[in-house]
Structure formats: C-alpha cells, structure tokens
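Listed next: structures, encoded as structure tokens.
Both complexes below contain chain A, partnered by chain B and then by chain C.
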Partner chain A sequence: MTAAAAVAPRGIVRIRPRLRRREAMLLLIVCAVLGVGGLSLGMTTTDTVTVAGWQLLVIYGGALVAVHLAQSLAGRRTDQVLLPTVGLLGGIGLLLMIRLPQDLVAQDLGSLHLGLAQLQTVWLCLGLAVVGVLAVAVRSDAWLRMYKYTWALAGLTLLVLTFVFGIDEGGARLTLVVGPFSGQPSELLKVILVIFLAGYLAEYRPLLATERTVIGPIRLPPLPYLVPMLAMVALGMGVVIVQRDLGAALLFYIVFLVLLYIATGRTAWVGLGIALGAVASVALYLAFPHVRERVSVWLDPFADPLGAGFQIVQALHAFARGGLFGVGLGAGLPEIAGNLPIPAVHTDFPLAAIGEEMGLAAVLGILALYLVVLERGLRIAAAAADPFRALLAAGLALVVGAQALVIAAGDLRLMPLTGITLPFVSYGGSSILANSLVVGLLLAISDRGIEAPAPPRTRGPVMRALRRGRG
Partner chain B sequence: MDPFVLALWAVRLALLALVWLFLFAVARVLMRDVRRAAAEPGAELGRLVVVASPDREPPVGAAFPVDAVTTIGRDLASTVVIADAFASTEHAVITYRGRAWFIEDRGSTNGTYVNGSLVDGVVPLAVGDEIQVGRVRLRLERGRR
Partner chain C sequence: MSGRDPGMGRSLTRTMLVAILAVALVGVGATWWQVVDASRLTTSPDDAANVAAARTVVRGVIRDRDGRVLAASKRDANGEPYRVYPTDAMTAVIGYASRRYGSAGIERAFDAELTGRRDPDPIQDILDHLDPSRTKKGNDLRTSLSLPLQKLAVQLLGNDAGAVVLLDPRTGEVLVDASTPTYDPNQIADPTADPAYFAALRKDPTSPLLPRATLGLYTPGSVFKIVTAVAALASGAITPKTTFPKQPRSEKSGLLVDGYRVKDGHHDFTQPKALALSEATEVSCNIFYALAGLATGGADLVRWAAAMGFGGSIPYDLPTEVSQVTSGKGSAPGGFVDRVELANAAYGQGEVLATPLQMALVAAAVANDGVIMRPRVVTAVVSPSGAVTPRPAEVWVRAFGPDVAKPIREAMTLAVEGRYGELFTSGAKVPGVLTAGKSGTAEIGGNGEPNSWFIGFAPADDPQIAIAVVVEHGGSGATRASPIAGQLMRAYFAQAAQ
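Right after this comes the complex of A and B.
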C-alpha cells in the first residue's frame, strides 16, 4: 500500500488524467497517412481532387483518437507506441479495402448493405474498442494466470467444436458458424495458447531450466516435462490434419518453441523441438496430399500457372509491377476477365496488393511496423515485474510478429503459402478482433506500478516433493 | 506536364514519405526509451548468482540483486533466502560501503566461506568471489545496468 492509497478512502479509485504526448504525435502522422492515402486513391480513380472513402477514414481516425483519449483520461501509463503502430497497419489495410472491389465481401444487416470497406471499418472499430477497454479496465492479470488450465480447456473445446460443427471453406475446415455470426476459432486459439503457455512455463521454469534426465552418458532436459511439448506437437499436427490449417499449426509451434527458449534459456530444448518439428513435417508431407501440393506449388508455381500456382504467380507479378515506389493506390491490380488477378487478395495477399500499388518502400515499411510491435512486446517483457507477465508479453508480441512473418514469407514465395491473415491489414473479423485482444493485453501489462506482482501460488506437487526430506 | 499528374506523383510519394516519417518518429521514441533505461538510477549494484545448490532452493542459475545491505539466511525476511538445511536463520550479511563489498558472518552454526576460506569478522569481497552459505554457493557479479 502506498501512502496515496492509504490517504484515499477505501473503494475509491483516484483517476488523474495524464497527457500522452508521444502517442498523440504518432497518431497525428497516422491520420496524415489516412488523409494522403485517401487523396492518392481518390485522385487516381476519379481524376479529380477527392479523398476516396473519406467517411470511413474519418470514422477510423476518430476511433483511434477515442482510444487515445480514453487512455489519457484514465491516466494509465501504458505503452505509447503500440496503438499508433497498430493503427497505421489497420489504416493501410483500410485504404486497401476501400480500393478493392466492394463486392468481394458483402453483408446485409436489415436494410443496411455493407461492402468490404464498410465491414472492415466496423471490425476495426470493434477491435479498437476491445483495445481501449482492455487498456483502460484491466488492472490485474490474476484472472489470466489463475485459470490457465481452464483457458486451455476452453481452447481445446473451441478446436473440437470447429472440427464437429465447422464448415469447409477452400479445402480447410476453419470456420465456425453460430447463428448469423461466423468466425475462425484458430485466431482466438492462438491468444489462449499464449496465455496457457505463459502460465505453465512461469510455474515450471526453474525445473525446466535446471533438471536433467540422465540416460547413460546422454544428458537430456527433464523428460517428464517433455509431455506438454509432445502434446503441443500433437496439437499442431492435429490442427493440420483435422482442419488443414498449415499456417496456424506453424504459428502455434513457433510461438511454443520461442516461449520455451525465453523461459528456460536452453538451446537443447529448441534443438529438440526443431528436430521433432522437422520429423512431423516430413511425416505430414508424406501422409497428406494437400501438404504435398502446397510444397510443390511453392517449389515451382510456374509448373501450373493457371491452376494450382495461379495465385502465387499473380502475386509475384504484382510485386514485380510495383517496383520501388509502386504504381499508385488504385492504379494497379489489372483485372483478368473481369476478376481480380489474385482471388484472395483481401485476406491472404494484401501484401502483394500493397507491393504493387505502393511499392517495395511500403512493403518494407509494413514489415518494419511489425518489428516495432515485436520490439515493444519484448521491452514490455523485459520491464515486467514477474515471469508470467514477461512470458505473456513476449508471447503475445511474438504471435503477431510470427504470423506476419509466416504470411509475408508465403506471399513472397520464401516458404510454402499458408492461408493465415496479415495481422491488422487483412480483411477479417476474427483476425482483427483476436489481434486487438493481443494489443489490448499488451497495453494492459505494459502499465507498471498499478499492481504489485501476485504472490507466488501454493507450490505444485513437484516442488513439494523437492522440498520434502529436509528439516 | 499535366499539373494533375504531377500533383498525383507528389501525393503518392508523400504517402510513402509519411509512412517512413512515422517509422522515424517511432525509432526516435525507442532510442530515447533505451537511453533512459540505461541512465535509470535504480540499477542494481551487484547480483548474487547461485552456482551450486543441492536442494535446488534457490535453483542453480537464479540471480538476486544485491543492495547496499543484503542479508542472507533461512529467515524469510532475508534479502536472499537460502532454504538449505545447513544454513542458519541469520547467516551472513553483505554490505556495500563506499566503493567496495564486504561480507560478515552473523554467528552462523556452520560458518560462511569466501573462496573456500572461513569468514572471520568483516572480510572484503570482490566481484567474482564465491560465497558458501550452508551447501549453497553463490558468486558475486557486477549488476546489470
């Protein structure tokens, strides 16, 4: 209890508004990007000086400013770089959605007909609301750390539900439909996975870091604790087999390995994990034709440029047409027989569209923005008060960074393409909401000095056994 | 050249320039953050790293920040809690006076050792020295700044 808390009457939380100058300055640049981007798009498409989709841009900019003001009024000392960075990513994505044909995705709500850009605006605003609420309201992480097995159970339930009730879409069973809503649970699952892993590793970190299993001359990490690791491999493979979701499986596994390394600092774990992952990959390649197809398309998309390799070939051409500075927003993506060159441009290939219309400069900028998110996450982790928060922050940032890496590398044919979204840029409610959850949690744990770290929990059976036999 | 086309060119380049201006502004904020973290006065003076611990409580590799006065012992109120059967409740105390480290035994049953020799009275301590409390051995290291 600090002196201030002792003076204030119980039950009353004192709120002192606090200026967030850096965030305001960065948000100003984001708003300028929105305006200039809309102007560029409007001038290209209409040949007059107009700002395309200015209503949507104003709504989005307003939502960003609202979250900024909410945090300022709540007086929290949360990170000031994350919101503008993510806001810029979302803004570039929104510009792209305004530019794309609006009938790619459409939904009718009563008399309201919403096109691609309008739906994206709705999702982005909902996402920002999630960010704002979490950043302002979450002052304790006990609800995350105490119920980690409950969270894991919820995640598994979600997975099973998708398996049983999910609908197939493009050869992958990813979508769960509940009434009028549909969503991709694997997006939410990745957040739950990070929470569970952070809780588990924070509790067993000392054991994982020091125990050894000795078999003859071989010294291995403690084998009993391999079980969760094997379970993770199994889960990853299960996702691939059941849902044909290669991207999510890869993402889960990367996050798992890196968190394990952060928690224990032992390269042996990582080596073992990579070896297991390689064996699993080969097994999957041999066992499943859809994995084989992905790999063969990656190795040589020009073998079947009008069939399996069509999207990749078109994306490569789009990147090539863009050059250094791009052909200009709204000037690229020539239609082939009335269709977009890349069918899934709004979900899987936004990077290719940006590469064509805004050029290499913008693609590199976007990758740098993801690096900024990662840096912020690791800095929040380094400053965190206890291992759970540190692992949680690192894992959350990693989940965004790794996802961006996996899909960007897929778009650029650096690795087999896996159908996951580019965080905050791609169209998609599940993706935007799940990633907003990540950013909101990161902001919430970045605020130091509000709550002391939770007291250590009662020790588990393993630690008790270690303590026994001593006076 | 058509002024409209020129203006469009300028707008397109301005868009890219703004994205990079944002990144530049972020980089400046990050640099300032790093510098401030480096200059933070609350940086620890030194740290004790556990080298050997038969009961694994504290675990090997654990590091404790060491302040101007650091008490070591089995007592839960100690700065560094050593839950070893051969450690005393109030075992030893490490102090930082002026610019040097000192260690003093607090009348422990099994004694405190620095680099293998028994501590008698107040003994100076150098960075890299190994302290033995009970069966736990700790190494004094420079603090992280």
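Right after this comes the complex of A and C.
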C-alpha cells in the first residue's frame, strides 16, 4: 500500500550515495559563523588575530561534516535542516565553553588533563556519533514500537535506581553513579517517556477520541485516558519528591499534555490535565519547602540578592549588560576575585552569558533555532507514515523545544527557575547524549526510505473486555 | 490506516502556533531585561561589572561635619583596596562597602560618586566617559553628621533597640541618624574577616542590619498628636482657643465613640476644666485629640499628614519606608474603617505607623514655620583634585503656614517647660534653652512594654535643631526617650557654645 514498501525490495542492500545539497550549504554557514565567533573571541582575549580554541572548533566542525558525509554516502533521505540547526546550537555552546574559565569542570584521564571546552568537545563528538549512527543505521522502528511497556519498565527502573543509588548535588538527587560513569538519568528518561507515550497513544487513539467512562451519573473521559493521566501526574510528583527535579517534572508533563492533544485533538482533556497539574503543583508547593523557596525566589529575587536570589539576580544583570548587541564575545562576565558572578553559567545559565556577550539579537536567534527544531519535528510528524511515527517525531521535537523554553523562561525570570539544561548549548554529557539521541531518532524517522510500519497489533484482552462491557 | 492522518494535521499546526507564541513570549521577556529595564540594572552598585571595576578604585573618604573620618580605605596584601571604619556608631547611616556582600547606606547610595563612576561636575563626567583610559579616583564626601553626637546617641540607647534622628530644621542637615543595635562594618568590609559574622547578622532576630531611623515603622502614640494639631488647625476644624465640653465630662469614664471607649487617665489634676490646644498638649490629653481628630475628619487628617510626608517616600539621601495614618482599607473618608479608628489615629494609635525620620520632620516643620527642608546627609562631593561640588539646602515642601506653626510651637513648649508638661517629658529640658517637645507612649499590643517616643526642637523661640527619639519597649515617653533627647540637645548646645 505504501510507496516505500514498493521501492525497497527486501534482502538486497543497495547503497546509492546521494548529494545533500541543502545540508551542505547550511553546514557551510554554521562553520563560517563558528569561525568568525572564534576569531572575535580570540581577538578580544589575546589582542592578536587568533581564533580561540581553533583546534576544538576544527574537530567539532569535522564531526559535523562527518555526519553529513556518512548520510550522503549511505544515500539517506533524512531531514537536511536539523543537523545544521543543532550543529549551530552546539557550536555556540562550545564557543561559550572555550570562553569560560577552563577549570569550571576538569577531569583527568590517565595523564590527560581535560578542561571544560575539551570535555564539551568530547561530549559533542560522541553526541554527533550517536546522531550519525542512528540516522544511517536505523532502518526500522519496530524495536521502539513493539516494546513500549518494556521501555516504560526501563524508565521506571531508572527512576528507582536514581532514588536508591543517586547522589545529592545542589539539593537535587539527579546524578546516578555506576562505577566510573555518572550521569543524569532524567535526561534519558525523557526520551524513553516519549517512546512509550507515542506507542501508547498511537494504540489507544481511536478509543480516546470516542469513548467515555460512565460511573453512575458521572461521565468521565475513557479509562485509557484517565489511567495514564493519573500515572503521569504521579510520575511528575514522584520526580519532584524523589529527585527534587522540578524542571524534569514540568518538562515531562508538558510533553505528555501536548502529545495527548496531538493524538486526540481534544482541548478539553488537555484543560483537565492542566487543572490536575495545577492541583498537584499547589499540593507540592504546600508540602515541600524547596518548592516554596523556588517560588518565592522567583517572585522577588531582589529580596535576598546575596543568598537565594543570587544567581538569578546576577543573570538578570548579565542580560541587562548585554543590551541589543552584547558587549562582545569574551568581554563580559566580569570575574570577582577569580569567581564568575554566575556559578552555574555553563549548565543552567548559558543563555545569560550569551545574552551578555552577544546581546538580545543572539538570544532571539537561539530561541529561533529551537523553533526551527520544533518546526522540523512537527513537519516530520505531519509527513509520517502512521500515528506512532507522527507522535514519536512530535514528541521528540517537543522534548527539545519545551526544555529550551522552560530553562530560557527560568533564566529570564518569567517562571520559577528549574535546573535543567539548555539543549546542545549547556555543558554536560548526559544532556548532550540524550538530546543527540533525540535528533538521531528524528533523522531516522524522517527518512523516506525507512521500513514501512508493521500492521497494527490487536488490542489487549483487558481493553477488549472493557469495550465489550460498555457496548 | 496509512499515510497522513487527517486528524493530526490540525493538532500539529496548532501546536506549532502555540510554540511560536511561547517563544515570542520568552523573546519579550529577554527584550524587557536587555533593553527596557537594562539601565536600572547596569547602573546599580550590585552589578557585577561595577563591583569588579570598583575593586581597583580607591573609594573616596567620608567625613563628618567637622572633618572627622567616617570611612576610609586601606590596601590588602594584594594591593587591592578595602574599606575601614573608625566607629560602629555610624553604620546605620554610612553602611558598608564590601567585595563579598555589596554595599549599604551612604556607601551604597553614593557608590557612583565614591568610586568615581559619576563625576559631580557634568562636563567632567562626559569627558570621563569619552576617555575611559583616564584613571578613575573616587570622590570624597562631606556630610552633615556629627560623630560625637551620633556616638552619644548610640551610647544613650544602650542595649535597647531604637533610633534617633537629629537635624537642623533650617537647612535639613542631618546631624544624627542612629539606630541600635549596631554592628561592626569592618567585619563585613575586611576581606580577611570571618564570613560567619555577616551570616549571623542576617539571621539575628533583633535585625541589626535594619536602619531603624529610616526603614523602621513604629506606632507613634502621642507624638502623632502634633500631626493631628496641624491638621485640625490648618483645616479650620479648631482654633487655638477651641475647647470641647464633652472632654472634661468624659475624663473619668472615657469618651464613648460609637461604642468604643477612648481612655485618658493621665491628668486627673486638670479636670473639670475644658482644655484648649496648649493645655491639652501639655498633659497629652487623648480625649481632646480624639475629639479634634473627629472634628477634622479622616480626609483632612490624611491630607495634612501627607503634606508632611506621610503616605509617600521622603527624598532623603537614603531609602525611606512609607509612613501611614491608616492602612486605607476602610470606606470612611481618608480610608479609615470607622470613626473609632479615626479617633484612635488622632492620638497616634489605631493603624498609624511612622518612621523616626518622619516624626523628626514633623517636629522640624513646626519649628520652621511649616517649611520642611529636604533632609540630607551629604553636603558636598569633593573631587580628587579638590574641587568642591556642594549639595545646597533646598525646600522640600511648604506643609502649612506660620499661623498654624506658632500655636503648636507654644503648646509644645508648654509640654516641656510647663508645670504639668515636665511630668510627661522629664529630662527633655535643656537648661538655659527654651525647649519644645512632645513625648509618646505607644501601645503596641500584646504584653510587651510600650515604645517610648519623644519629638521636639530647641530653642523653642529660634529653633536650631529638631529631634525624634524612639526606644523599643522603653516604657513611657518620660522614662527613656525624653531624657535621651534632653541629653543630646544639651550636648549639641554645649558644643555650639565652644
């Protein structure tokens, strides 16, 4: 029935290289922007005509080109705008890491001493490798589609592991340490959540759009709506209570509600979801002092500018110093006694540093780049072969877009600050790898050559029984 | 089911529209901070760029009215300057400037001048900005403060929390702006000091970091009667001769206002005579003032109080808290809840709240024929080259006329010098100088001792100084505040005589 099935005969693997002209052009622009940025930074910091951290920029640019070439040689017909877009975001982040004091984060691997920018380059290259492998190698989505409950279980296990073995950092239990590796599981959790939700909503979509649960005189949305809705609220509250991670909880909930809307087109249920979320938020606010503190700092950070409000006040000052076009790369962020005014500038507040040194223009530009990521994802969704892929694509794009908006709004004091990263820009392995996973999957499902979806499975016995029961 | 799903296309389009809206909203937020509200933040002394720049600048010296140093700079082991303060009596007004904790007080309000970020000479200021290579040196500040008087004020307040404001009503120059408990600014400014000190100050339940003279709000009690007298006379509700027949009749059992009993009990010795303004002020008659307030009405009481600064911030050199006659929640004229609140407010209870600075200005207004000079601490900015830019005296408001001021001056003189008056203001009298004043015993609810108040001026016939004293839980006005005011005024005239 589908065109794709007819084109690709099984059993014969043909590799036909294909020119990806648009991606090549856009990547050229990205490399030029990064080169100019490095030059500007080098000239500001050394007073000579040098490109700051040129080795790292060359490695990163090379990795971008490598992913481009791999897709071209493999003849993939994947989206050509996504890679340059996130490439530019990652590159701006890398420039920022080159510009910041290198000892903010440092790691020794044997005799090798790696500073902030070098580590970020490693993470970005690993991330691009993930993107490349997924874009080239994934030819079927069955492994995502078939095992949604397995994925859900994996996600829950991750959450439990974090609760049991996680270590507290900065008031939040976000970090899981396994042997020599450490990471933030909520980053991976968000990808798993999207995979599960896409599978679940795709399967129960027809039911969701038509049915009702009737208990006596009360007419409620159908059970397949209610159960995951309550489970999501519980998951969100669990993340806040267990991990003290307000940002991840909010992100999960936003993605869930938007996917629910896309799947069903029913605004009333989204409204109900928002109401439930609001009730849960109030309950959390009343029950947990750390939630209350976040809110009071947001309402009036200037009440305690040296204590709780310190970072956000300093971030607002940084934005203000930047003005329209910024003070110039490398010319901002004054150090006071060797300390940066914003200690978490590389993780929670990269936008403030960008706003100061490159101005409002760059902040708006960065926001526009995330809008492009969202647009590409929703476009892939609209062109997808079936509801599962559509929901998966939309969900993946949303995870990146919503996360960027939540942290940007927090940095700008439009809402309480939540300690999540600015995707691709912030420093951090977990964040970069998880978001690369997102981009890799998006590219894979955007490929018109990907294997056709399997016929829908029959519904589970429980739901069948429920449906019969109500006639 | 294959190919594109018609139902989802519409949802996807709408999702994109919502996303564009959300991004636009965040963009508006960024524009707010980076363009619209940017200059407020970038000129603040808390801005990291200014703090960093200030580290290398040697801040100017702050001096008192006789040239005594109140704040100076030293260099640490790295050659970076830091602040030293010869006394901790001045911290309420001078504040501190610290690399770690920012700044407070005059150090904060005049940060731009002290660090040379702003030149008092406008032409020089433009030249400085055109040529950033010019070496920046901080300007010195000359103040009207008197170190010995301020030290005495702090010493007299002793272990009590409280505040004193002493100023020259003719010029607005503030000589004393004291607040207790004090703290040691050196332990904040010295880069080698223990950070635990500042952390403890921030948590201290007695709020030593609060400059009580300007930011402390207190129920004024009877010292507020002066405001009521101004409003009653200025609005024409009473004349200096007006008496209320109800007043002597109510002395025993209290004045019944809509079911609420205004009690007096202070002056059995004056009844059954009906009192006029002077005698009523001398014996601090609550019932007279409650009746005068009711005759004036809420709207006029609030209006004339506002003329003296109530309900707005005072254009002082430091931030001030807003004093109030009523919280304004009611629907009766002036924002009072009912006549009971108005009657109580007329003698300084009810919802009346005032800063010591505000009450000092009330005394100054009466002393200076109704004209309030803008209160100020910094009298001149002295550039590194020695050029002096004075900050001259200026009229802030003409609150009321001399015809109103004169009878109140006489009443306040009687309240200190009179036969009964001295019982209420014992210790306030300056020997050899005609002294005017009014004490207050402000009930603050609960079981605590009332706050002890005194406001006044001297000499009563040619005022040179006006004063406000409040001692938290100090008991009656005569117990603590009046003697403190008396001793300070005595010290002032002793000094002036030398």
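Quick note on the criterion: the second predicted complex is superposed on the first by the 437 of 471 C-alpha atoms of A that agree within 3 Å, B and C clash if a C-alpha of one lies under 4 Å from a C-alpha of the other, contacts with A are read in each partner's own complex, and residues count from 1 in each chain.
In this section, a contact is a pair of C-beta atoms (placed from the backbone, for glycine too) under 8 Å apart; a residue touches a chain by one contact, two chains touch by 3 or more.
The shown structure was predicted, so the numbers you read here are calculated from the model rather than taken from an experiment.
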item	value
Residues of chain A touched, compared between chain B and chain C (which is higher)	C
Chain B versus chain C as contact partner of A:E375, first or second or both or neither	both
A:L39 touches, of chain B and chain C: first, second, both or neither?	first
Chain B versus chain C as contact partner of A:A231, first or second or both or neither	neither
Contacts of A:L26 with chain B and chain C, given as first, second, both or neither	first
Chain B versus chain C as contact partner of A:P84, first or second or both or neither	first
First, second, both or neither for A:L109, with chain B first and chain C second	neither
Which of chain B and chain C A:G359 touches, first, second, both or neither	both
Partner chain in contact with A:L299 - chain B first, chain C second, else both or neither	neither
Chain B/chain C common contact set on chain A	209, 359, 368, 375
Parts of chain A lying in touch with chain B, wherever the complex brings them together	22, 25-26, 29-30, 32-33, 36-37, 39-40, 43-44, 47, 49, 80-81, 84-85, 88, 92, 206-207, 209-210, 325-326, 328-329, 358-359, 361-362, 365, 368-369, 372, 375, 379, 466-467, 470-471
Residues of chain B that touch chain A when the two form their complex	4, 7-8, 11-16, 18-23, 25-26, 29-30, 33, 55-57, 59-62, 83, 85
Chain A-facing residues of chain C, complex	1-5, 7-12, 14-16, 19-20, 22-23, 25-27, 29-35, 37-42, 44, 46-49, 51-53, 55, 99, 101-102, 202
Residues on chain A engaged by chain C in the complex (per definition of touch)	1-2, 209, 258, 261-265, 305-307, 313-314, 316-324, 332-337, 341, 355, 359-360, 363-364, 367-368, 370-371, 374-375, 378, 381-387, 390, 394, 398, 401, 405, 408-409, 412-414, 456
